[in-house]
Amino acid sequence: MLRDGLGLLLIIAAGAAGYWLFPDNLALLTRVIAVALLVLSIDLIVGYCGVATLGQATLYGAGAYAAGMACLRGVTEPMTLIVIGAAAGAMAGLVMGTIMLRAHGLAQLVLSIAIVQLAHEAANKASAYTGGSDGLAGFSPSPLFGTFEFDLWGRTAYLFGLALLVLVFILLKFVVASPFGMLCRGIKEDPVRIRSMGAFVFPVLLKMFIISGAVAGMGGALAAISTQVVGLDSVSFELSANSLVMLVLGGLGSLYGALIGTVIFMGFEHFVSAINPFHWMTMVGALLIAVVLVAPGGLSGLIDRALPGMRDKGGQRP
Amino acid sequence: MPAESLEVRNLSAGYGPTVVLEDMSFSVSAGSRLSILGRNGMGKTTLLASLMGLTKRYGGEIRLDGKDVANLKSCDRARQGLGLVPQTRDIFRSLTVEENLLAGLKGRPRSALQEAYEMFPRLRERRRNLGWQLSGGEQQMLSTARTILGRPSVLLLDEPLEGLAPVICDELMAAFARLAATGEMTILLVEQRIESALDFADSVMILERGHIVWQGTSEALRADQNLVEQYIGVGSLH
Amino acid sequence: MQTVFSIAIDAFAYGMALFIICIGLSLTMGLMRVINLAHGAFAMIAGYIASYAQRELGTGYAIALLLSILGTIVISIPVERFLYRRIYGSPQLTQVLMTIGITFCVIGITNFFFGPTLKTIPLPASLAAPVDIGFRTVAGHRLFVMACGLVVAAGLWFLIEKTAFGIKLRATVDNAGMADALGIKTQVVYAISFAIALGLAAFGGVVGAEFLPIEPYYALRYMVTFLVVVSVGGAGSIPGALLACLVLGAIDTTARYLMPDFGNFFFYAAVIAIVCVFPRGFLGRAQ
Amino acid sequence: DTIKVGIIGPFSGPFALQGKNFQAGVEAYMALNGKSVKGHDIEVIYRDLPAANPQQSRALAQELVVKDKVQYLGGVYFTPDAMAITPLLTQANTPLVIFNAATSAIMTQSPLVVRTSFTTAQTTTPLGKIAVERGIKKVITAVSDYGPGIDAEVAFKKAFEAAGGQVVESVRMPLNTNDFSPIMQRVRDSKADAVFAFLPSGPTTLGFVKAYNETGLKQAGIKFLAPGDLTQESDLPALGDGALGLLTTFHYAVSHDSPENKKFVEAAAKAVGGIDQLSFPAVGAFDGMHVIYKMIEATDGKQDAQKAVNAVKGLAWTSPRGPVSIDSETRHITENIYLREVAKGADGKTYNKEIQTFPNQKDPGLPTP
Amino acid sequence: MSDLFRVEGLSKSFGGLAVSRNIDLAMAAGDRLALIGPNGAGKTTFVNLVTGQIRPSAGRVLLNGEDVTGLGAVRRVRRGLVRTFQVTRLFSDMTPEEHVTLTVLQREGKASRILGRFRGSAEVAGEVETLLRTLGLLDVARRKVGEIAYGQQRLLEIAIALALKPKVLLLDEPAAGVPSSETPRIEQALEHLPSSLAVLMIEHDMDLVFRFARRVVVLAAGEIIFEGLPSQVAANEKVREAYLGNYAHARRVA
């Protein structure tokens, strides 16, 4: 309990520090928050349930497009848009979960890829609604509480995103520490065992898919609100794969790991691509290799080792 | 390869940061039979695994016929003559029974498989089945047969009777005894069925929390009921 | 009718090209249990070597092919020794992280040294010429690819299922600690298998270059295709991979002929359907 | 003082070559025209956006404006990325000069956008007339299924049918098509006289042209028509002799014969690292820098986006591609479109040979006043 | 005597191999049955069939008079048909305490609650502690299962099964890997089970079998070859030949 409080304080402090230290990079930081929500949502099903996915952007994109289309049709209140995004993500999660949970392991991974590719293709085809490959543009959310504009400087978007992230994080903390969270961890290790304890596996995982979809959908909606355009990239395999890489980088099965991974990956990418826009890819590759060599369990494992007291009890890594 | 002697000096080993065995020394002469006893979690498995090179070693020597093998990787130790039948059986689940046996041949001709099938006729019947399909006892037979096929000069048996029907247990112990008697193998046996273990061994070693707390002959241990109660548990010997 | 035959020939050639490139990956993923996302990167390296050998050194196609396979294996040795060896037996996602990292590095480095343009591997006249097969002409290299695919499939199947090395490899993968304890030199086994897998990647990269042209982004561009094919076939199964390549190649080709606008829909819908019916892929090994 | 210009483009990733050409164009312009305007030093800041990603695009633009304090934004390869930047421009008081992104709609999103590249409709339209002139009556179109591909299909169909031709079939191919032989089979079955194609540059183009040759369509006399993106100079070596005879229309060929182009090619080839890698985005960037220089001149270094944009409306000059001007209504570039044929030069290398000129083409996709 | 549990004509074959042939067996409340037989006789398969891990080729399984043959494994567990595994199946990353807590919560239908802490009620905690104490696992209760000795893992398997409060308990070699000094713990735990419970135990440790069982069934090659009192088993020639071997003359049984 104490530990969780402390962790939360740290997140808020880091968020505030971002606001004061990088006032000129708030659009980037807002993007980090949106992706962090996506990565958190992946952690829920990969890290806590052991369901491999390379298609999570389906859920993120569902949220983004839903928010964008709603906004274009006159629903411009930002909080409502977030709720719409969450609902769309949750629905997409329900569908995706129903399909993906039919298979296991590698086959499951491939299902997730097939789903995201289909979703991508569908979004491309339905250009009357989604703008196709040119992107969905031309909508603008109304000011938050009627006063704070989503403007060039991106302060509103950032603080709004940060508040959303903290809220979601607290809720997820409860989710993973609940009996349900523990059940998911059990399923991750051995579903046969869980069945012989008398628990159905499918509904539990499906529930987690829905929660995960809602979180990813909120991330998508936040992105749509803050950039006022939704592109096909938000339902792409690339985004799914990148965010999975961020999660593994940070450490699976730990909510902090998801945040750390996102911040480090995107920060590093931004930093090196600004220094050398032409060859940053090599350096990102080197970073990933280095992390596997030094901290195979992800970066949050390093921090665990450094600060044993800070361990995230809700989900120890394998 | 004829049986070889085994000498362990100041061996310390464990898993990751935990040290399970501390400063352990003992020796077994060529062709003899040693039983290792001890309660649950006292380090018997760890000892055999360390001899095979499957745990983390913190120090000490392991001499096979005088040659120190402690710095060798486990495949090289296997080539020097050590052979382990692990407690967890560790059969290759995705290989057939026959392929499992072939994997243990260590370069001997394929015809040697007959030895295994003679020892366990059940395996011959099941030779086309995949490892994971076998029953618990069949897996145990396979694990034992696979290691013995490699003709180790020092055989390490970790609870080889677990899960086997009594009728087979007796035959198997007899087979082990024969192998030792021909002077082909030195055998170290960890076994929970103390009767069988004492019947088999010429000397006995008791482990407690990673230390050797008693060493002697089977007869001496049989004679000392107190000792048995202290280290192994009440009512173990009838 | 002629159209049907014609499409069938195209589908078969495309499927075989996919097979040659993917089979090495199926080996790494199914037998060595390494999710090697950098597989395509090695195929690409081979392509660059072949292209370089032909254009700069002026060697013939056959020599270039040989050089590229050897070169790729030589390059792979230190990579295996210092990077891959660290992730054998690691959780799959750790492997994903490492191999994506390797892919990024390879892409970055190729871009730096060879530039971002496409590289071609000129075909010898004998393969470039169209061959008349009665009802239509087929490019010679397509027939060559089909033949190569069949030879590779047969050879590899024999190696893995019927030789002592195959048993050692499968034993090592199943339980490396125990294989080690039985005297199998697991590191050597791994290194050799890895070299074989990458040699196949190299072979596929060069032979299949007419289908999947060589450029720095090769590895990322086709990663999904490779992963899908291997998994649908069932990782580690050679007949499975062959079947998957032929079935998916046929679906892809036919769908693109009949309804090109929805080609991808059919492809991925078929993948979903197949996986739902065969959750381990066509002929997956029990894990 | 120093005036900063922020350039957003794909400097890494699969489209890195196009980004490199942006940079080459910019550097060539600065090498030829100096690094300062009226005493204001000019500093260019590059930001990498490897693939279409509007969110990142917006973040980069915002950072360039707010943190780096650039007064001008330029570059942008993909349409959605441009769309994500346009809402910021007014507040940022910054004009955006588009070096590439080729959808008409961008121009209507903000009054502060100027384009020095082309639109797909603009480069494609003349092809319709040419086709009919060359006796082609029936055409099958095959385009990649994404924005520019559809633009090209629509523009060609309109122009071709207006000139009296007939589009017998329209095929849209998924972007990640690897094997084009089934498409070629369709082309053959359609009994058309020619195929009109549009694909993004790179491996797919190569595959398409190869399949066109290998399946015998070329021998069968079926013509190949396309906008010039397909035969951009950097892809020609890979296409090899298979490309000989392809007909394309485009606004720029590296081989364009004019003194301006000679100077440009020399400077840009040096910047990009070899003439082999030089391609059309470089000229968009070169002219983009020209427009930006003119804007700086007009505002004398003060940040006033509207004034800067107004100053270049109607601006006309001679670009390496020929005479061009900025349309004062649409802020889109008016330029010559050339018909080219892939031919073999004296050095044995293939190049785009300009054989016909269509002067002063506007973007047909935008309402003309 | 009304049967709590009954199987009728249960058969199963893998490929050509008939592993269970027409097995009939019934157990009443309070029954203590030992199922013994040579390796590969089909004992584990029998448990798998009964608990629904695999589907029989023919036959029925009845629990409390209800036909459960068509039900999945989970539903059977919820109706009180509980098993342990011959090879431990545990979550190596969790502690014994967490295992048992999760099981208790699941039994009470609270395991999929999203709201509420895992270690919520004192009641659950108390029950968990009692169970762990009975099986002597209290001092390793908070260590990861992956780090505790195999014998202790076997005990935890039993603890989990007991936490489900089964009506019929099927134990697949509960003492395998548990040293003879520790088997009394298992016996103790079994002795304290409510008498309404029917227990079937598969075991190769004959000492344990004879102390525990009130009835013995011998399975060989998929068929029941003997059913009767423990005192009669050793005397049966067929059983001796197929299974017991020297045990029959050597030990004090008979």
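When the chains are written out, they are named A, B, C, D and E in that same order, and each has its own residue count from 1.
Convention: a residue touches a chain if its C-beta (ideal position, glycine included) is under 8 Å from a C-beta of that chain, and two chains touch if they have at least 3 such contacts.
Here the structure is a predicted model, which means the values were calculated and not measured.
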Handout entry: Labels of chains that are neighbours to subunit B and to subunit C
Key = none
Practice task
Express in whole angstrom the distance between the two chain centres, defined as the mean CA positions of subunit A and subunit D.
Solution key: 36
Completion exercise
Rounded to the nearest Å, the gap separating the Cα centres of subunit C and subunit E is 48
Handout entry: Separation of mean Cα positions, subunit E and subunit D [Å, integer]
Key = 74
Fill in the blank from the handout: Per the C-alpha centroid definition, the whole-Å distance linking subunit A and subunit E comes out as 43
Practice task
Give the residues of subunit D that touch two or more other chains, as numbers and ranges in rising order.
Solution key: 12-13, 16, 20, 145, 174
Exercise for the section: Could you list which residues of subunit A touch at least two other chains? Expected result: 121, 279-281, 318
Completion exercise
Full set of chain pairs in contact is A-C, A-D, A-E, B-C, B-E, C-D
Exercise for the section: Quick one: which bits of subunit D touch subunit C in the complex? Just the residue numbers, please. Expected result: 12-14, 16-17, 20, 142, 145, 171-174, 176-179, 181-183, 185-186, 189, 202-203, 206-207, 210, 214, 216, 234-235, 237-238, 240, 273-274, 276-277
Exercise for the section: Spell out the part of subunit C that touches subunit B in their complex, as residue ranges. Expected result: 164, 167-168, 170-171, 173-175, 177-186, 285-287
Practice task
Report the residues of subunit B in contact with subunit E in the complex, numbered from low to high.
Solution key: 15, 18, 39-41, 45, 87-88, 122, 126, 133-138, 140-141, 159, 162-171, 192-194, 232-236, 238
Exercise for the section: Could you pull out which subunit B residues touch subunit C in their complex? Expected result: 52-54, 73-75, 77-79, 83-84, 86, 90-95, 99-100, 102-104, 106, 130-132, 146-147, 150
Problem - subunit C residues touching subunit A - in the complex, by the definition given at the top - result: 29, 83, 86-87, 90-94, 96-98, 100-109, 111-112, 224, 227-228, 230-232, 235, 264-265, 268-269, 271-272, 275-276, 278-281, 284, 287
